[in-house]
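In what comes next, subunit A is part of two complexes: it sits with subunit B in the first one and with subunit C in the second one.
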Partner chain A sequence: MLLALAVVLFQALASITGSEYVLTQMTMSGYYTLVIVGLTVLMGYTGQISIGHAGFFAIGGYTTAVLTTKNLLALQNSPLAAFLLKWGLAVHTTDPYGAMIAHVSPWVSLVVSVLITMIISFLIGIPILKLKGHYLAMATLGFGTIIYHLVLGSRLFGEADGISSVPSFVIAGPLRITGDTSQRIANYYIAWFIVIAGIVLLVNLINSRAGRALRAIHGSEDAAGAMGVNTARYKLSIFVLSAVFAAVGGALLTHFNGSIGPSESSVVKSVRYVAIVAVGGMANIWGSLTMGLLLNFLSLRGYLGSYDDAFFGLMLIVIMLFFPDGLLTRETLGNAAGLIKSLKQRLAGKDKGVRK
Partner chain B sequence: MTFEQFLQYALSGITMGSIYAIVAIGYNIIYNTTGIINFAQGEFVMLGGMTAISLNFFMPLPLAIALSVAIVSLAGASIDILLIRRLKKPTVLNMTIVTIGLSTVIREIALHIWDEKVRSLPYFTGDESTSINILGAYISPQVLWVLGVSAVIVMLLSVFFRYTVPGRSMRACSANLMAAKLCGINTKNMITLSFVLSAAIGALAGCVVSPITMTQYDGGTPLAIKGFAVAILGGLGNSTGAVVGGIMIGLLEAFSISILPLAYMDVIAITILLLILFIKPSGLLGSSEVSALKDY
Partner chain C sequence: MNILEVSNLSRSFGGLRAVDDVSFSVEKNMIKAVIGPNGAGKTTLFNLIAGSLKSDSGKIRFNDRQIGKLPPYKIASCGIARTFQNIKLYSHMTVLENVMVGRHVRSRSGFFSGMLSLPSTVKEEKAIRQKSMELLEMLEIGDLAQHDATSLAFGQQRTVEFARALAMEPELLLLDEPAAGLNIHETAGIAGTIQRIRDWGITILIIEHDMSLIMDISDEIVVLSSGRRIAQGTPEEIQKNDEVIKVYLGEDNA
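Here is the complex of A and B:
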């Protein structure tokens, strides 16, 4: 697959030029891209704009952080802790002071965070997906903000400091998801392997019967319903799926970073995800992938400086006004002149008033 | 709780509630003429306060406030002229998302101009320590200013919309844009006027509440969300509903402090927003038949 080749090439390039530190940002971009491609399917194929997906990212990340930072050995009296220890679901390590501690195995916490996300997104999704247009946008925005405030205000979630010293995620033997620079290359491949797997899943979904149903829904919900497509069920399923993608991205990034903070659930992060999906083309997974990679990398490397959030806000405005189909469509991909030409076309086509 | 405590909570709730109501009325004005939810409404409030604080260094307070309102109104007009008029047939949803992006950009610009420091205007009458005793509850005279200014704004707006020609033209635009155009009303200018009005009342509200709640660069977003919740609660487009809804949410927030930890106070308004959206999106004072007929 072309993407896999590109991934390997990039790593080889990075190693050769001795700038392996960029791999860290690429890994982080990879996990964020996982969120973004899930959101692409939701926004592009079912037309539901969700400005609250950072909330799901945070649910995934915080669940795994809370679970894996609780010392089970100290809680041995509680039946749940005893259960986990007995069944080998805990990982025994030593803490910096040399004492034995045990925490929930990251595999378990990943499963738990996915389950919790599925439940929450299912419960939230049922009423939210009945809303239309800007009511849906504001409701998802509200959901994201609730998560942000809950996370910011609870001692369990570390309030403003977040949760840190999240242990690494041991996959098998020496292979683990961790921020250790010695494991950088391995982590890069792990992250992108997961992203590729996710994309393969989504592409298969889109090309299947379910995918055609989704495209029908996006084209016209009433028509799709008239043809017998269970629109409510499909919309809800995709909502939950995209939430799970976000949660997995959140959980794994938390293990990679070793910490998570309340800013990961903020509105500006959600705006960032929506902006990237929009600029890559609403229903274009490859576009979102490219743009997600590029823009997250720039942002993480710090090239955007203190104008980070403003950049994504501005991009969202420009895209929504001038390029609602995204920047990477056929007419704009031609060349730079094509970009300017389409911009001129849109500006020339304006007429009076703003009515839709 | 004692009667004095009850009154204290109630007055605090009504104060913040009237600010939310002003923001909601701003939403309603723009929604009525264009159907767009202007998420940057909260930023107008923040900008009004910030600009007045900066101007106050050079000129006396009343002049600073008046000039700040003018500047923010200009900003509102330029948002309309530069952005909202741009597109041939934008969907309303696209425009709403544009305003969300816009609020982010405005917030970042404010951060770069004014730093992250928390500032405030000086109290209009007296200072931080003056307080008036009303039946056992102690309030600052600024609270009376807030309530007074909000009441004046609401009254002036209803007079404007009912008895003046531009006001009635705007109501015509909200009823039916095409028909208004046919009557010779310049709908583009009316839309700009609605942005100017929303920005102006937002700025004024920001100035008058600044001594009590302080102003900082990210104070706009919570106001925008809560103001939207109030607007929806009262029925989108319904200004009486906005006032009622604002006072209700203000009171709920104030009394919630006696039950919930303070950190969760902001969650109340959003939860109410979600509940209303799920149960009765037309709001308390809106009619469900009318809102079902609307295109947006």
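Here is the complex of A and C:
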């Protein structure tokens, strides 16, 4: 509720001050935040690290990009294209030159993206989730690297150029996910509605029986097994779920931007996601939300300049050195409060000393 | 009636025969103890029964079901609960939440019903919370419910482990050195708790170094030495057994 209110307030503020352009970055930041909250449940609550989630983001984005940029009218001979056209699973529109074209409905491509992500994360997850700690980190890193090079090296995915001219995502009636500036405010709300819905689902999960089992795995995998938790299955389920969150974020952002490039799947992006989860307090979904929003926004607005990636690397080092449990945790916030209090007392004490 | 039957169980680590052809059985509703000097294979035996280690040979029957090849989580859902020698509570979770994990095998809500917070899930969640709270109160640590579990004193953490295991409503409870690291006062408390748990109808298999505790509470004792069973009987019989005295006190005192 509070979050929904904050979302509305921000929009009002942006409109009043005449800086509605920031809503574009807020929208993009929202889709990245979807990846981050999913990863938070995997890393922070279940204790399974992944340095490959940009890979799942890219699988979601590229799947929908490939599917929705094929002209089905030119492929009418193929039974699949004919089937999609016949059952209304395609969208008819015109290309920039005014010719009639038809492409797969984004709803269909979104479902396909999610299914492909589920299958890939399931198959990858079975062997690698047997690993622990940095072995798991390295395996997920390997996965991310493979996706990056697949995307970069294959024609289907546009090689280094990526895929552009991805159509907008018509949700219903006039509601559509698009980067068109006339739709800016609506898109800001669409994105944050989805983020809030995602967070509600995850918070419910964390506080449920399944969520307790996940946190128990983090606390002690042996003891979780001894209490009857099928640890392998739970780890796999949350891995797949967090991959789906990343893929949905990737797919929707691709429709919003109208394009996707290989940098979205790079390991640097994965490291950035991990860094944001860490700085947000690891097992703190609100912390990751705040940090994900803030840092992605700053990065997208270009405040971090060309040192963008270096900034996230440095942040990760600082966090690991000084706040291994994350920055926005109850303890650090408590310590900060304590520090301010003791400073105040000291200042008050000094005053007294002067008076004497 | 025998609730647990271990027959000809063996397990080696490299050349070391940690558990060597061990057989014994546990009758329903008794307190049975496994004792032996350090390195006798007691904890290995426990890990074999609980499924965290697999045996090289031999059989484990629980309620006429072979459990020797099952993974730990399945053994738990058969009705065997355990505590750990080096306490393994879940960090970053409250005492109450730790105990609530113990209700896992007695509840069924999955991922999706949890995410959607379905009415049935909410109802089940309420029951889990209530039952867990009851257990904490029965073990007289109800006032600690909202504390971070791993921040408690050692003795209190042990009681939380008991509560968590009992939340499973097990038929058999495996206690791995429950008095280790406790003072005399706390040990007496644990002894009382163990007897009360037996009175609730739960069978107990216990490993312990504290001889006076074992002699006080157990109905039957199995003695292991170098992985082999060297004696079995009531506390009185074990105290008189020459072989046991030899193992514990050395050749000269026999």
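Please note the rule applied: the second predicted complex is superposed on the first by the 332 of 356 C-alpha atoms of A that agree within 3 Å, B and C clash if a C-alpha of one lies under 4 Å from a C-alpha of the other, contacts with A are read in each partner's own complex, and residues count from 1 in each chain.
The rule is short, and it goes like this: contacts are C-beta pairs under 8 Å (C-beta built on N, C-alpha and C of every residue); 3 or more make two chains touch, one makes a residue touch a chain.
The shown structure was predicted, so the numbers you read here are calculated from the model rather than taken from an experiment.
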After the match on subunit A, would you call subunit B and subunit C a fit or a clash?
fit
If we overlay the two complexes on their shared chain A, which of subunit B and subunit C does A:I317 touch? Say first, second, both or neither.
first
Classify the contacts of A:G153 with the two partner chains as first (subunit B alone), second (subunit C alone), both, or neither.
first
Superposed model, subunit A: greater residue contact from subunit B or subunit C
B
For A:V229, decide between first (touching subunit B), second (touching subunit C), both and neither.
second
Touching partner for A:N204 - first (subunit B), second (subunit C), both, neither
second
Applying the touch criterion given at the start, work out whether A:S220 contacts subunit B, subunit C, both or neither, answering first, second, both or neither.
second
Quick check on the superposed model: minimum Cα to Cα separation from subunit B to subunit C, whole Å please.
9
Subunit A contact set shared between subunit B and subunit C covers none
Along subunit A, where are the residues that touch subunit B in the complex?
49, 51, 127-128, 130-131, 133-135, 137-139, 141-143, 145-146, 149-150, 152-154, 159, 267-268, 271, 274-275, 306-307, 309-310, 312-317, 320-322, 324, 346-347, 349-356
Please name which positions on subunit C make contact with subunit A in the complex.
50, 52, 71-73, 76-77, 81-82, 84, 88-93, 97, 100-105, 107-111, 113-117, 121, 124-125, 128, 164, 168
Could you list, by residue number, the parts of subunit A that touch subunit C in their complex?
201-202, 204-205, 208-213, 215-216, 218-220, 222-231, 237, 241, 283
Parts of subunit B lying in touch with subunit A, wherever the complex brings them together
34-37, 83-98, 100-105, 107-109, 111-112, 177-178, 181, 187-188, 191, 221, 225, 228-229, 232, 261, 263-264, 266-267, 270-271, 273-274, 277-278, 281, 295-296
